[in-house]
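For reference, chains read A, B, C and D in written order, and residue numbers begin at 1 within each chain.
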Amino acid sequence: MYHPHDTYLDVRYAETDAMGVVHHSRYLPWLEVARTDWMVALGTHYSEIERLGYFLVVSEIGARYLRPARFGDRVRINTHLKRVRSRQVRFEYEIFRVGDGDLLFTAFSEHILTDREGSLRRFPPELLAMLEKNQDERAAASG
Amino acid sequence: MYHPHDTYLDVRYAETDAMGVVHHSRYLPWLEVARTDWMVALGTHYSEIERLGYFLVVSEIGARYLRPARFGDRVRINTHLKRVRSRQVRFEYEIFRVGDGDLLFTAFSEHILTDREGSLRRFPPELLAMLEKNQDERAAASG
Amino acid sequence: MYHPHDTYLDVRYAETDAMGVVHHSRYLPWLEVARTDWMVALGTHYSEIERLGYFLVVSEIGARYLRPARFGDRVRINTHLKRVRSRQVRFEYEIFRVGDGDLLFTAFSEHILTDREGSLRRFPPELLAMLEKNQDERAAASG
Amino acid sequence: MYHPHDTYLDVRYAETDAMGVVHHSRYLPWLEVARTDWMVALGTHYSEIERLGYFLVVSEIGARYLRPARFGDRVRINTHLKRVRSRQVRFEYEIFRVGDGDLLFTAFSEHILTDREGSLRRFPPELLAMLEKNQDERAAASG
């Protein structure tokens, strides 16, 4: 079943830069928060995955900055799992400003599963099944 | 004339995360340092551009994480200007670990020129000329 | 009336470092979030103060790190206004781990009011009155 | 022998905030860079200490912000070891703007030595001897 998820964050002053807007690097930790939330909504905390000795490592990021976010803004991050492979997942994100609803930012992130030594690993079957059940079916059909 | 530029940085402890490696978001400020250095090597400090009322805003980022960087590593960021348009530039980057020479990370960044209010602006002629003179000619030929 | 305030935050992965715990510098943005929340609870957003041309600038920080916070932890930041002067305020903070209730961190921050040019300013009377009404009376009595 | 040490850093754009100056939290990673440099100047890299299973954990920070640093500024961080105990060290720092020489910031940091599990440990004799030899003698005399 398709499982998109919304995470709400208030822009922190420390996330702004001298242009008066959120620094472009600060969106990546937001995506990480959103992924963590997405997993919590599914019943797993990412720290559990690390406790089992697995690490979901970022292998690729693509991001488009459409409109600036500012201190005082509240943003909504819509996250969905776009694709699951035996060793790899792809998340996609849209960030909106709550209030005017403007789309500020879109991104994807690719992740690979590794062990503590950094070697590529396959998802444990239960985790893979859980992820597959929750990926965007439209994507799975077309991808 | 093609103008690549090398910037050297030592990984800061504060840039690592609980995986024991540099957090993926920390590479973006490194690219910003590298762009600043690239401009300094050409005789302009980016703060001068802002003093003239222009802002070079990040509009897109693409990044591939190939191997982790760790505290204690020294990295070399090779930067070059891939493409200049009247209102837009694209930089490309490769980050290597000094020592073993391993390629750790590749990325591009697209930037648009705006004024203080965020409206799109054309590069002032002298700045445009300077940028055009220093873009990667191989890219200009093929692009 | 004494006005302490609780802010709840989930530790972000990006806030951890290679020791596996929250990096000591990451607590300062948390305090900033907590101050912002404290003001919102009083009916003012800090961005409004900046819109009036005032800046509450950090002039001093003191912090004790008692126990580490980790990814997966939820923390509670208790904030109170310890002292108000015509141009200066002091906030104090305690950070607890939700769950075991352990005290992780204590801190204070001193702030001065400036204008856009960085010159020292007095609080506007309404803002001063609002702050004075909400400082810790026990402190005001003994201080 | 008294061993103060100077570290030079260029302000990064990502270190600024919407006030147009360096965010107060960003000075703490600078102090960490300065401590690392201080140790390198003595012939030890901090990552070696961690490889031996020791962690130098920040237990207290005190910082005064005197004048803002801005993007485009180069700063000099003067570091010295103020005090060594069997399980604890105290560093002190002054940060100056290169150019006008203005003192921008002063701070101290207290650190305790722990093992990987976070238990307090004594410095290994050679490391303690090295540290004692390099602390500020004036402080040792008066402290």
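Following the convention adopted for this analysis, contacts are C-beta pairs under 8 Å (C-beta built on N, C-alpha and C of every residue); 3 or more make two chains touch, one makes a residue touch a chain.
Everything numeric here is computed off the predicted structure, so don't read it as measured data.
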TODO: State the chain with the largest centre-to-centre distance from chain C, centres being mean CA positions.
DONE: B
Task: Chain pair with the higher count of C-beta pairs in contact (C-D, A-D) - done: C-D
Task: Equivalent interface to A-B, taken from C-D, B-D or A-C so that over half of the residue contact pairs match - done: C-D
Task: Separation of chain B from chain D, taking each centre as the mean of its C-alpha atoms, in whole Å - done: 29
Open item on the list: Centroid of chain A to centroid of chain D, CA atoms only: how many Å?
Closed with: 35
Open item on the list: Suppose each chain is reduced to the average of its Cα coordinates; what separation in Å results between chain C and chain D?
Closed with: 24
Task: Of all residues in chain C, the ones touching two or more other chains - done: 13-14, 18, 25, 28-29, 32, 70-71
Open item on the list: List the residues on chain B that touch chain C in their complex, please.
Closed with: 13-14, 16-18, 20-21, 23, 25, 70-71
Task: Residues of chain B defined as touching chain D within the complex - done: 10, 12-15, 28-29, 32-33, 36, 45-47, 70-72
Task: Complex contacts: residues of chain B adjacent to chain A - done: 18-19, 24-26, 28-29, 32, 50, 55, 57-65, 68, 118
